[in-house]
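Next come the structures, one after another.
Shared between the two complexes below is subunit A, which pairs with subunit B and subunit C, respectively.
This part shows the complex of A and B:
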């Protein structure tokens, strides 16, 4: 690490001196640097090897059909790099509008593996040198790239909400009555459904069939290609794992997703700024409260609003309760997937009920809380709610945690299945962009709450729980440790909860956000949850991208399952802890 | 410790919890009798995280748990009990802020002069696409639209889920009944 380089501005100047012809500062409302397309790999290698930007958090594309905010008409590929403690460094690479091609960063940062596929799928930017550039959320053969600004969905109404047909003379028109076979459905000339055969490998069997044919002469077993899912009780949703097996050992495993894709980002660009908050709850439906936080954080950064202390404390309380319930449910599911059935799960759900009661009392809804607002929270915590939160944080949940440890931690069945299974080395975890308990179980003490403190997290004493071996058992231990730390934070926050307002300024239904870009990230229970937003100064987001921890963490699944038994896949998946709502968005 | 000890310990925990939930339910049954197990006086004890023992089953359609005051069901329109006039002024804030855009408003016009009036002629909420976010109630400047506590909404036809003005009307006394704290605060603000 070059010691003389500290802040992001220093890094930008340093890079400009190092690469005078390739790097220039990004145009005014944007942050970071603009890199020439052909020098991207060189700059990224330098960032990784010399400046310690080991962690490529997010890769995404913004479509500019017309020049905007000082950005020319192009496809702007945006990379967010982080150091162990520092960043973000935002890299902008402008791709040509006619033939958008950008060199791939997968050889340097495998964390771009899925994210570049997603960018190709939804924006149609090719990444030159990507080992496996296929669609990831949509199916092969889908017409067009839906996040481009000129792409219109089937029930297209208007470019932005609020839709004009609602007021002042609005009559209801159900979406069904708007024909999906209207202007937005196109067929190739001469197309007929009868003769149609898929031209490409729609279900992705080809590489697996190829592998299955090359049998190992030293191994007596046949190679078999097997589909796990999309309807499989242990995949936690509609995830399909395509596996090539040799006997019972995994030769190749590929997660295939997109079955729950709900066009979240496209809807987000139609919505007004405020209207996106309830939609974020639907991402990771296990921990809705903490999904709203990075979005409001990103918008608050652009607005320049700081929530008052009481609101910040309430946010921390909600986020930590969410972390507790997510880890409890996750450990319960691990038990379920292990074959100890639903008992541990139901014990977790019983505690979760109490936390959801608290959420319902505070926000009005158990799961889809819709509680955070720009500059504060929607409602104050009543005395009754604080009393319930205290009862939970000081007595009920510590008791549950002790009981959980007494029946889980030394359980012989659990240890026999979990110790030494699914080992993830720390270098691989960092390279693949893993975050959350998955990364910390491998021994990397990286936590956004410490690396880039947000809200009031600087006020609290807590430890970053780290594992040693990076196996399934260590991930369990890290989760239990994090639950204890969550309780520590909760107890401090409830003891010191300040009085005062819960909103900075007045709530406003119509909000205009200054032009610019912003990346808000928090340590969600599953890992780093980031929202990248671009504003053109209007009432709607220009670009709204979610860096979902489950999605990026799944990228390492194929690597850590290699050589394990098929029965271990289930428990490795449970230990990664994914929610399909967040993976597919 | 020999192998299997922890398994036995886990099984003991499971068995204890199994027994506990039955003992507790029977205890309340003897104390209060049938149909009195989940009343507003027993539930705070049975549901409270510190005093509860074991889990219990509520026989749902016959017995039900109370909803918290802030619970967000589907929106309704408040009218004054005495005059029967809606508080809504057809300003359209709710229709603008609604994320899934499920609110339609037609403003009333004066039949003689043709000028727009400050009241809705028609008001539709399509609760089949309503996402219960509560923005309409939160941002209404006149407290004219509120989130109700009705959760049992079903229909054989999707068109029946499109609520019009008649189906949306509720008296202010109903609002006061389901939102007591909120209503008291509002009255106090008015009195100042």
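This part shows the complex of A and C:
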């Protein structure tokens, strides 16, 4: 940084002075700046090169059919930039309602690659200059852009829950009765399947076929287009990889997703604020507990409540157990994909069961805990639960970790497959917006727990584990190191667990959240998990967007697989560590 | 003595204790149900609970089924473990068509039964039973492992009641029809609905012209 600029307010003032005709502060309940559409690239370049906002975390769009909260009717494209430390700089760009186009930031920040495609897919905002603006979660040919406010689902009942048909004394009506086909289907008027053929390249083969035809005269090997997934034992769910191969080497690899797109954000806008907490569990189902945290954090910021110390400690305990669980399972999957079959996984799943027992004890459910509340947690940790947590954190899990290391760390076969494979240089990792162990294994010590501390993380001693080479092996080492640090935090938290209440204020099912916007983020086990919410002061979110680490991290997959053997793809994928529920949302 | 037992042939005295006689259905169904191989197939959160079920604590090898096959050609049980989206449905139907008969479908979790918490989603199929024949439903979000095991035992019970004489895939001349694979158009295109869609469009179009 060439000038010392501190808080966000200073940065806003500074930018206003620097670009007097392009930048103004965002209207009242909003934060950050409003940038003129045609100057966006210039301002973003300045942010990146002069002010060290190297990290474009989230790109999303909010639809305003009518003026709201001081925003005119527009499509508001929202960017969140971060420096190495501190909170976000929010950048708003207003796009025209008739023909929404904004310049693409992909040439500056490749991390926008997938996120801009998602915004085009779901909101219909064009990004001028995007190299590959196709649909990503839905398919080419889908009718409409579903996240727009005027797009109604087939089973549409009302704008907001609780629906009058059920509450307060209605009777549920089968959703199927709302559709003439008795199913979640609708076709444009006049359309008939009889003379219809899928015209567009629904499955995205065209660019690969094109590439396969141009053979390289220096490499006489044939080029082959290979489709992996969405049903494949090593894609960790329903991810699809489309690969062009030259012999066994990868010429082009493209992850394709959307096979688990469950319309989370659209449903989230209909739910009441509290009703979204159980939905967040279902995003990354490997670590359900920590998905709830950024959402409650974002809402708490708007509400202006602070959870009491005991609740903060309990949150940290749950988050760290989840991190341990996630990394254990992730290493297990790596073993799975290396060809050890299920053995490594079985060890991980054994520990998982113990941790799930603890979760069940505190929340009542094994997997989908629904445990966090705005201003605290739902139930207190009982003596029994604390005893189990202590037994795990002090005895059982350290033992497991030693055992795991004795099998993997110096294993020659593992090293032969992992060292030097899938190398991700640090500059590329930052440009692509990678977070979590993937970023830290490349040697960038960036961790939201330190960069923008939340809950009680400031109270604990722990190290940020970084790797050096950014290959599969270093990612493994970083995960193991983080598990050790998690145990360290857990031991401190359990030793110092304060007494007191677990909720600030009282529990309320239909709370109203003040108008405004807020971005809550935590260091989830897979990387930075962020929730961007906009409230219009009502009992439901106006906009509810999830910045999922798995989704953004996948953007770099094509780059780091280039030139590798096809057999390495599954290990590289396992080392990135994705969950499809979170990728597709 | 029951009339059935009387019809069984006499075992020569030197083979008593070595040779046993049992109805073919009983032994055949016993063998089938003790080697039920599910397709390795993960759709959503329920899949993760299924993986948990197939690990050491709940140990389904007690029921002869710890092996999951990645290929549908080697599997005889399909566990639909999670939300089926419109984008995924063509693949699911194709996989089902590729499984050899006799085959069973176990539906795990609210999502696959009806769409569950995501029912109103624009990309969610509201119930896989609209497309595939389902044998057992296991409700829950996600069902506990015990629930899944109960579902599997229910399939075992169903298998036990089946007889070679009336199972359709052993009858002469009857080839089970594959299920038409839906396509992705403006929405999911279910070919079985062609006529209904056309009839609907005739109703809709004139009113829009007016």
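Structure notes:
The rule is simple: the second predicted complex is superposed on the first by the 569 of 585 C-alpha atoms of A that agree within 3 Å, B and C clash if a C-alpha of one lies under 4 Å from a C-alpha of the other, contacts with A are read in each partner's own complex, and residues count from 1 in each chain.
Here, a contact is a pair of C-beta atoms (placed from the backbone, for glycine too) under 8 Å apart; a residue touches a chain by one contact, two chains touch by 3 or more.
Being a predicted model, the structure only gives us computed values, none of them experimental.
Look at A:411: by the touch rule set out above, it reaches subunit B but stays clear of subunit C.
Touch criterion met: A:403 reaches subunit B, while subunit C stays clear of it.
Once chain A of one complex is fitted onto chain A of the other, the partner contacts of A:362 are limited to subunit B, with no touch recorded for subunit C. Contacts of A:279 after superposition on the shared chain: both subunit B and subunit C are touched.
Residue contacts after overlaying the shared chain place A:167 against subunit B, while subunit C stays out of touching range. Of the two partner chains placed by superposition, only subunit C is touched by A:352; subunit B is not.
Using the contact criterion defined above for the overlaid structures, shared-chain residue A:262 touches subunit C, although it does not reach subunit B.
Shared interface residues of subunit A, touching subunit B in one complex and subunit C in the other, are 175-176, 278-279, 350, 368. Residues 40-45, 47-49, 51-52, 55-57, 70, 82-83, 85-88, 91, 95, 115, 117-126, 130, 141-142, 144, 183-191, 193-194, 196-198, 200-201, 204-205, 208 of subunit C touch subunit A in their complex.
Of all residues in subunit A, those touching subunit B in their complex are 161-163, 165-172, 174-176, 271-272, 274-279, 343, 347, 350, 354, 357, 360-365, 368, 370, 378-379, 382, 388, 391-392, 395-396, 403, 406-408, 410-413, 507, 509-510.
Remark: subunit B residues 1, 3-4, 6-7, 9-10, 13-14, 17, 47-50, 55, 68, 70-72, 90, 92-93, 95-99, 101, 103-107, 116, 122, 124, 126, 129, 131-135, 138-139, 147, 158-159, 162, 181 touch subunit A in the complex.
Subunit A meets subunit C in the complex at residues 137-139, 141-143, 146, 153-157, 175-176, 180-181, 183-194, 196, 198, 202, 230-233, 236-238, 258-264, 266-267, 270, 278-279, 282, 285-286, 345-346, 349-350, 352-353, 356, 366-368, 580-581.
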